[in-house]
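Labels run A, B, C and D following the written order; every chain starts at residue 1.
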Amino acid sequence: MRQTSPHTDELRPWQTRLHEIIYESHTAAGKAFDIILLIFIIVSITVVMLDSVAALHIRYGRLFFVLEWFFTLSFTVEYVLRLICIRQPWKYIFSALGVIDLLAIIPSYLSFVYVGSQSLLVFRALRLLRVFRIFRLVHFLSEMQFLHVAILNSIRKISIFILFVLSTVVILGSIIYLVEGPANGFTSIPQSVYWAIVTITTVGYGDIAPATPLGKLIASFIMLLGYGILAVPTGIVTTEMALAAKARRQANEACPGCGREGHDHDARFCKYCGALL
Amino acid sequence: MRQTSPHTDELRPWQTRLHEIIYESHTAAGKAFDIILLIFIIVSITVVMLDSVAALHIRYGRLFFVLEWFFTLSFTVEYVLRLICIRQPWKYIFSALGVIDLLAIIPSYLSFVYVGSQSLLVFRALRLLRVFRIFRLVHFLSEMQFLHVAILNSIRKISIFILFVLSTVVILGSIIYLVEGPANGFTSIPQSVYWAIVTITTVGYGDIAPATPLGKLIASFIMLLGYGILAVPTGIVTTEMALAAKARRQANEACPGCGREGHDHDARFCKYCGALL
Amino acid sequence: MRQTSPHTDELRPWQTRLHEIIYESHTAAGKAFDIILLIFIIVSITVVMLDSVAALHIRYGRLFFVLEWFFTLSFTVEYVLRLICIRQPWKYIFSALGVIDLLAIIPSYLSFVYVGSQSLLVFRALRLLRVFRIFRLVHFLSEMQFLHVAILNSIRKISIFILFVLSTVVILGSIIYLVEGPANGFTSIPQSVYWAIVTITTVGYGDIAPATPLGKLIASFIMLLGYGILAVPTGIVTTEMALAAKARRQANEACPGCGREGHDHDARFCKYCGALL
Amino acid sequence: MRQTSPHTDELRPWQTRLHEIIYESHTAAGKAFDIILLIFIIVSITVVMLDSVAALHIRYGRLFFVLEWFFTLSFTVEYVLRLICIRQPWKYIFSALGVIDLLAIIPSYLSFVYVGSQSLLVFRALRLLRVFRIFRLVHFLSEMQFLHVAILNSIRKISIFILFVLSTVVILGSIIYLVEGPANGFTSIPQSVYWAIVTITTVGYGDIAPATPLGKLIASFIMLLGYGILAVPTGIVTTEMALAAKARRQANEACPGCGREGHDHDARFCKYCGALL
């Protein structure tokens, strides 16, 4: 609750007060600020999305334009306030959340230069990640941490898997290009590699499909391969999650002798009192 | 078997008898009632489905109409009987099963007001959940309980995952909208987000498909991403199921000394008699 | 090797000899018979498949016809031989393998009555299961047994899951039928339920696809649901396999005191000699 | 680092020096060689892929032609150098890496005889596997080893699964051929089997789709089957990975008494000093 106080020591009273409202949520004002922010984010994304629908743009384009600028200015004010009420503004600017907050306002200003760039305002969706902080969902954060650890531990294995899949689709795409040829829609190797990815991931748009018997045989092989290797990332993530779940459970096991927790995975005796665990 | 008796204490004899037939199935009459109910449910759903086929509606529409009303009146009578033979009718009305039972008859009456609403009669499919009770499939109920626990424990992790997927498709959908544009079928951001969902879940209708090289590159990335993150919900559910399976197995382990069950996961000594487990 | 001898006790010498060739494969003649049989099965299936290709039927139809009858007569002779060299022919006739062997020859004779029934000859593919016996792949049989146990244990949980999926597609199919209507290809509830199955299983042909915004919203929900619930059967099967793997491993653990195996999962002391496991 | 020295004992000094550069990467020259090689591989694959795009071929065909031959000659020189600086060239030629290295240059020379064969140059993608060696990513190699073991252990179970899937699609493809017939695009059994594979793997191109009610019913069954059996390979691989992870973890557990590692899975006492683990 008060862990941010050392950072606000040298701030003036109004800055401390602002910091509590904007960065924390244990006060009524802080909570209200967070909820209003959440609503602003969701409504602004909805406005950007609806504005892209031609029929709605014609009827409500003017309203959407006003709303977009209202939200952009609000978020700009919020961004400035965030900067002036902390001691080390650069730390916030280059943090993940700071970059996301900036991305949420830049496209509007960019639209003066590049028409259409306001579509990028949907990056505001990333700000929704604040939702966890807002509702102080400690349990959710713990689960998120859990998923994070399991996925981090899987990264190396999964990157090998992806390298393997990419090599496979390049080679299989080239073979199908030779077999089917431009006449059947496989106009180039990149196009055929795209088709191989569509097939191996079992998406299967059907915008390009093999027409020759040999092409269909190769396609069948790719499908069965994709169907089978889907097991690999799942196996990796599941194994890591099981390990993470085990580690978390064990860290919570208390010694029957002294009640202290945090024993190692393989510990049979309590490391504090020596009792049999 | 007799656990419902305290509730029927103050009911008159004919109510008690009716309660046994309708709510229980350990008597011959109760079993017969349940089986007839099950057949009625299946036949009534089939009638609703077949009636929607134009060719069959023209030939058998009259028969279907009579059957639908026969089933609706039957279920209405059953609903009323269910109400009058229990002490606390409101409890039934607001229970999950009670709401489902009501949903199974309302659409027919609504069809006087809104033509076509009788299609909603397929909600009767939910009544099929009674099948487990009918055949007293205790083992099935235990398995269902098992699945229920594992899925409940996964909810928090899966809701984080869904929030992540939704943010991703909003952002990727907007990017593809900028890249491909209305000329290639990506007429608006909501439409493009719909396409991103079709792609990331590997459904791939092909009603909209990227046409530009850059669009295909982004589509390939979305496919591989969808292919990979499919591992996450699977990993979550599998891990929870493994934990639930372990917990169930351990709860069934009896102490070799005193025979009592329900020892903790890490227990090495029986908590009742102290014997080594 | 000799476990079939009690059955051939009362058979005449030539029957015993025939039995060894046809039913067993530890003699050179028996092995040769099995390999020839395997080749016949594969070639006969290939002939049936190729004969269905119009272009090949016109050119080689006569050859295919002769080959088909050659294989049918061969399999008929084999079937009769199998019957006359065992003591209890009825037991074979009604066994799984016996029924498959009969299914492999009946369609040819049926083709006199129903033209086209010879396509059913592909049921001969089931005879390929003999491949495991032929090569005496004991390890494969052990693995097959392992898969069999894990899948059998999953059946109850998976049947609940399938009942849930079927109820879901009936209800969602009806809703989309009301939303999209016959104008967009959703001509009837069965048709819409078919579409819901195509979508929830992430197949996505694209022969029918929602056209209205609300229909696309519901479709997106079905896709994400299908994407998520795919985790359930996988979790079930994986958990059962892990349990089966554990059971098998433990059954193979020998006591350090007496060397005997087959101890229970939770055993800490050898049940034969009392030594600490 | 020096494990290759026994092989280079009888090589002349310049051969030893060359060997260090080409086959090893602990010297600056060796590392530079490997990185240049990696860049050459990636650029050459990109050139082959871009050259297949008609528009780019017209504009840059001449440049691509020159680049392709530059890379082919470079790789040919590299191949010859690899041969002359080792004692047993045949061992390299018939090793997996040697065959891949040869495959990376042959198609260019073959293009004199068969026009178009240069598309096969994408087999150079396989050379990317060298990337692990280049960056001395020992951890990656360990993970790769881990995946390799888990997948090897799954092969037998997965081959049974594939045999089952192949039998299933042959039989289901034939049934749908009889039901739908050539009029609805199911022109032959091989074509129908191809459709069954497209459906059971949930790819679903939609180039062929059932049109009759019975065909759609069978298709629904195939989809649900495919959706369900996808759990089997995933379950197999996950179980094997969990076992491999467990084995690796246990091999790393040190005895608390003597500190030595590598104890068996079920060991409770250290096999070196007898201390309780």
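The rule is short, and it goes like this: a residue touches a chain if its C-beta (ideal position, glycine included) is under 8 Å from a C-beta of that chain, and two chains touch if they have at least 3 such contacts.
All figures in this text were calculated on a predicted structure; none of them were measured in a lab.
K.L.:
Chain D and chain A are one sequence twice: same or different residues at the contact, by the over-half rule?
P.N.:
Chain A and chain D contact each other through largely non-matching residue numbers.
K.L.:
On C-alpha atoms only, rotate chain B onto chain C and read off the angle in steps of 5 degrees.
P.N.:
That rotation is 90 degrees, given to the nearest 5.
K.L.:
Go ahead and note the Å separation of the Cα centroids belonging to chain A and chain D.
P.N.:
29
K.L.:
Roughly how far is chain B from chain D, centre to centre by C-alpha average, rounded to an integer in Å?
P.N.:
41
K.L.:
Residue numbers in chain B touching 2 or more other chains?
P.N.:
Counting only residues that touch two or more other chains, chain B contributes 190-191, 202-206, 226, 230, 234, 236, 238, 242.
K.L.:
For a test of understanding, state which residues of chain D touch chain A in their complex under the given definition.
P.N.:
45, 48-50, 52-54, 116, 119-120, 122-123, 125-126, 128-129, 131, 139-140, 143-144, 146-147, 150-151, 158, 162, 165, 190-191, 194, 197-198, 200-207, 230, 233-234, 236-238, 240-242, 245, 253, 276-277
K.L.:
Using the touch rule from the top, collect the residues of chain B that touch chain A in their complex.
P.N.:
Interface residues on chain B, with respect to chain A: 156-157, 160-161, 163, 166-167, 170-171, 173-174, 177-178, 182, 187-191, 193, 199, 202-206, 209, 213, 216-217, 219-220, 223-224, 226-228, 230-232, 234-236, 238-239, 242-243, 266, 268.
K.L.:
Which positions of chain C touch chain A when the two form their complex?
P.N.:
202-206, 234, 238
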